[in-house]
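Letters A, B and C name the chains as they come in the text, with residue numbers starting at 1 for each one.
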Amino acid sequence: MAEKNTDTKEFSEAPPRVSEWRRFWRVFLQRRIVIFGLVVFALLVISAIFANVLAPYDPYRGNMADSLQQPNKTYWLGTDIQGRDTLTRLIFGTRTALAVGFITVGVAAVIGTTLGMIAGFFGGVASAVIMRVMDALMSFPMLILAMLLAAILGGGIQNVIIALSIASVPGNARVMNGLALSLKENDYILAERSMGSSNRRVMLGHILPNALPPIIVLVTLQLGGIIMAEAGLSFLGIGIKPPGAAWGAMVNDGYRYLLTNPILSFAPGIAIMLVVFAFNMVGDGLRDALDPRLRGVL
Amino acid sequence: MTAYIIRRLLMALVIIVIVTLIVFFAMRLLPGDPLIIFLGQQASSGSISQEQLESLRVEYGLDKPIMVQYGNWAWGLLHGNLGTSIYYHENVGVLMKDRFPITLHLGVLALILNIVVGVLMGLAAAIRRGTWIDAVSTFLANIGVCIPIFWLGLLLIYFFGLQLHWLPIYGYTSPFEDFWYGSRQLIMPVFCMAITGLSTTARLTRSAMLEVTRQDYIRTAWSKGLRERTVIMKHALKNGLIPIVTVLGMGIGMVFAGSVIIETIFAIPGVGRLLVTSLFAQDYVVIQSGTLVISMIVILTNLLVEISYVWLDPRIRYG
Amino acid sequence: MTELLRVNNLVTQFKTESGVVRAVDGVSYYIDELEIVGLVGESGCGKSVSQLSTMQLISAPGEIAGGEVMFEGQNILQYEANGPRMRAIRGAKIAMIFQEPMTSLNPVLTIGQQLTEMLVLHMKMNDDAARKRAIELMGMVGIPAAASRIDDYPHHFSGGMRQRVMIAMALSCNPRILIADEPTTALDVTTQAQLLELMKEMVQHFRASLVIVTHNLGVVARYAQRIYIMYAGRIVESGTTKEIFGTPRHPYTMGLLKCIPRLDEEEGRKLVPIEGLPPNLINMPATCAFLPRCHYRIDKCYKEPWPELATVNGNHFTRCYADTKEKK
């Protein structure tokens, strides 16, 4: 007869718990294209920091005798009308791109997140006013808004940053507003409140940390757009003007010599494309690793 | 349903008012005397006497309190008075009237290209997920969003214009004057204008459709023995249309932003080019009015999009 | 009784990051004409997946890895998954209703559109005839004012009503088999009872067989003639309702029955839950999957692979090495 045991044996363990970090890195680095993006990003940062060391020539002063050369052994990507080495200017251009990009998204993120948090968390009049102003700002296409602000403030890199920051704030605010609205309904927020936590504590200690992943994704995805917009402004002559090394301005400069020296315009364009592509891929990878459900939203 | 539409209308109105406030007060941020700015070159060169300046100040209403100025300006807007261009010495309305149809001509064509090709690409990628079709389509879309349109314009001009001599590289001809030549002139600009939007649409369509096809009601549709075409076109697409239509609202904004660059490169006399020349001429009246008009159009388009949801989603229609 | 459907050794697996999950691990069963069969098991045991597999409704990352499904003399697993022959069976010969009435109907199409498309497709009706028939069917499943509600959208109906619509849709083309995958799990008890009665009437009316997939033994007790008990992707016991409830043989079945509170038992009897948790289906050991939770285990269970289905008594089968006859 069968034995009747009243104790049960240990059942086989579930697969070992993988730490969140390791899971994140595994998913993030899954696709080669994301790794490619990270590599480009790293190269970008290195170029920006070590531009003086990496670049063979002076980006601002050229040798007039060597003006408008085709790519050759001395000047790998040729020279412009003033004899400045294109490759050098490309490398120094990374500084402009990164500076504008990071400062802009940083400022926009801080301001936008704050506004969105206030609107989403407190609701009511604050939310109505803030979000309607954001909607109004969003009805201006980014470039047009930047042009309006450039008309007021003048050109130059500082004002470009200000203009692009203001144009990027509504996007951040909207996302943060949505996040705050949905997160504050969670039970653990209710529990915090019932324990007497202050609003500030709930907002900064609980809602913000949970909202960070989508915000990080948004910021990364915004970077590409900002760099494109800055390049567009520089191309139009609004942003950074020569002798400053900005890729957009370089494309504009090269326009005149399109027939004879197409490389002058093509090279910086490819640089822009590469960088934007890299940021977009990294942003996509981050989003997939942090929360794939965001795929339709961000 | 009517409640929904009325709510949306009111919101749009509120936003329009806020936009006028932003535009008006932004211009007031300009350093210096607004009168000098409005008079432009003449005034700063000092060729107008002090008394004349003061009388002009009264004439322009710049001596009144700021809210009254705003009121007068807004009132003028409602009557279609967009001001007089400093640079062109023309009524801004007249300037716009000539240029708007051109920009819209390009813009509408670009939007059509955007929607048709974008949706097809995204749809193909979603239905044939994981196959080479998906890979190619997604890759192209990913690249497409990264291409700077000013650079693309130059590239196309170089290859198709300068090297191959297939297409004219600048200018605009009305289709009523010379349809064939005008169309050839349009090919490159329209393509440049559409590429970013097209790629975004493709990505959005793909993810929207992937989301839809995961739903239970799609499994039900399959279990009824329907063919793929029916499941996708009849059951899936209609649900996926809502995010796609939203793209239209974004698209019109992109058209104007694109027009600024495209019209400059291809020397097309549209609104975008007007804005750029005005910017460099420091013609603030045109910039002010131009930005305003563009944002109005964006707001109205978005309003239409939101109203179209009523038709697309029965849950909104009947509350 | 003629046999309608016979499934032999069906294997369906899912490729996941952590390994391959064999959700259905060699399942064999049959359905006769005009009978009601219950498929019982807890969440994750593979019962829904097995039914979806018979209609080839499994999509990546899942795949049907083996076995055959014999219907009307053909192995329908050999048909191309969304090809014309499989589509001719779906809805028309074998129909299915699902667990979640709230999401199983397309929100942007009217009920009428969703009903008539099947009639037009499989029964080759024209639009008018299809519409008339759709209204008839809605009436049959107990939807009041069918003629006026046919143009309503799903969100105008309650969960129970939507399930009735699903039943109407499923039976509209006179299928031979109706598979009901946890049809009442998402509904309240009263609605549950109504819907089950309705399903029984309807399949009798349409002379179809019914497969009820559920985790609730109470549901099958009342309606099913035969029952299959599933655990960890395999059938562990099968027999008539009377045999399963009266003389259960597999320790799992016995455990399940002990968990059901009964009105006719003495006061104070404790409900005896089955200890432990359902197994992790990734990289299952070769031994019996129920082993860790089993009260009847013997030495043999530790050494041998999972037992085959062996007959206990006529058509009553079980997978167990131990002698589990209860001593009353």
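Simple rule for what comes next: contacts are C-beta pairs under 8 Å (C-beta built on N, C-alpha and C of every residue); 3 or more make two chains touch, one makes a residue touch a chain.
None of the values given here were measured: they were computed from a predicted structure.
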Between B-C and A-B, the pair joined by more C-beta contacts: A-B
Chain of greatest Cα-centre distance to chain B: C
Whole-Å gap between the CA centroids of chain B and chain C: 54
Chain centre separation in whole Å, for chain B relative to chain A (CA means): 23
Shared-contact residues (touching 2 or more other chains) in chain A: none
Sites on chain C at which at least two other chains make contact: none
Parts of chain A lying in touch with chain B, wherever the complex brings them together: 132-133, 135-137, 139-145, 147-153, 224, 228, 231-232, 235-238, 248, 251-252, 254-255, 258-259, 262, 265-266, 268-269, 272-273, 276-277, 280-281, 295-296
Touching residues (chain side chain B, partner chain C) in the complex: 130, 215-217, 219-228, 230, 234-235, 238-239, 312-315, 318
Parts of chain C lying in touch with chain B, wherever the complex brings them together: 55, 57, 60, 82, 86-92, 95-96, 98, 100, 103-109, 117-118, 121-122, 153, 155-156, 166, 169
Chain A contact footprint on chain B (complex, rising order): 11, 14-15, 18-19, 22-23, 26-27, 29-30, 142-143, 145-152, 154-155, 157-158, 162, 204, 207-208, 210-211, 243, 253-254, 256-257, 260-261, 264-265, 275-276, 279-280, 282, 284, 287, 291, 294-295, 298-299, 302
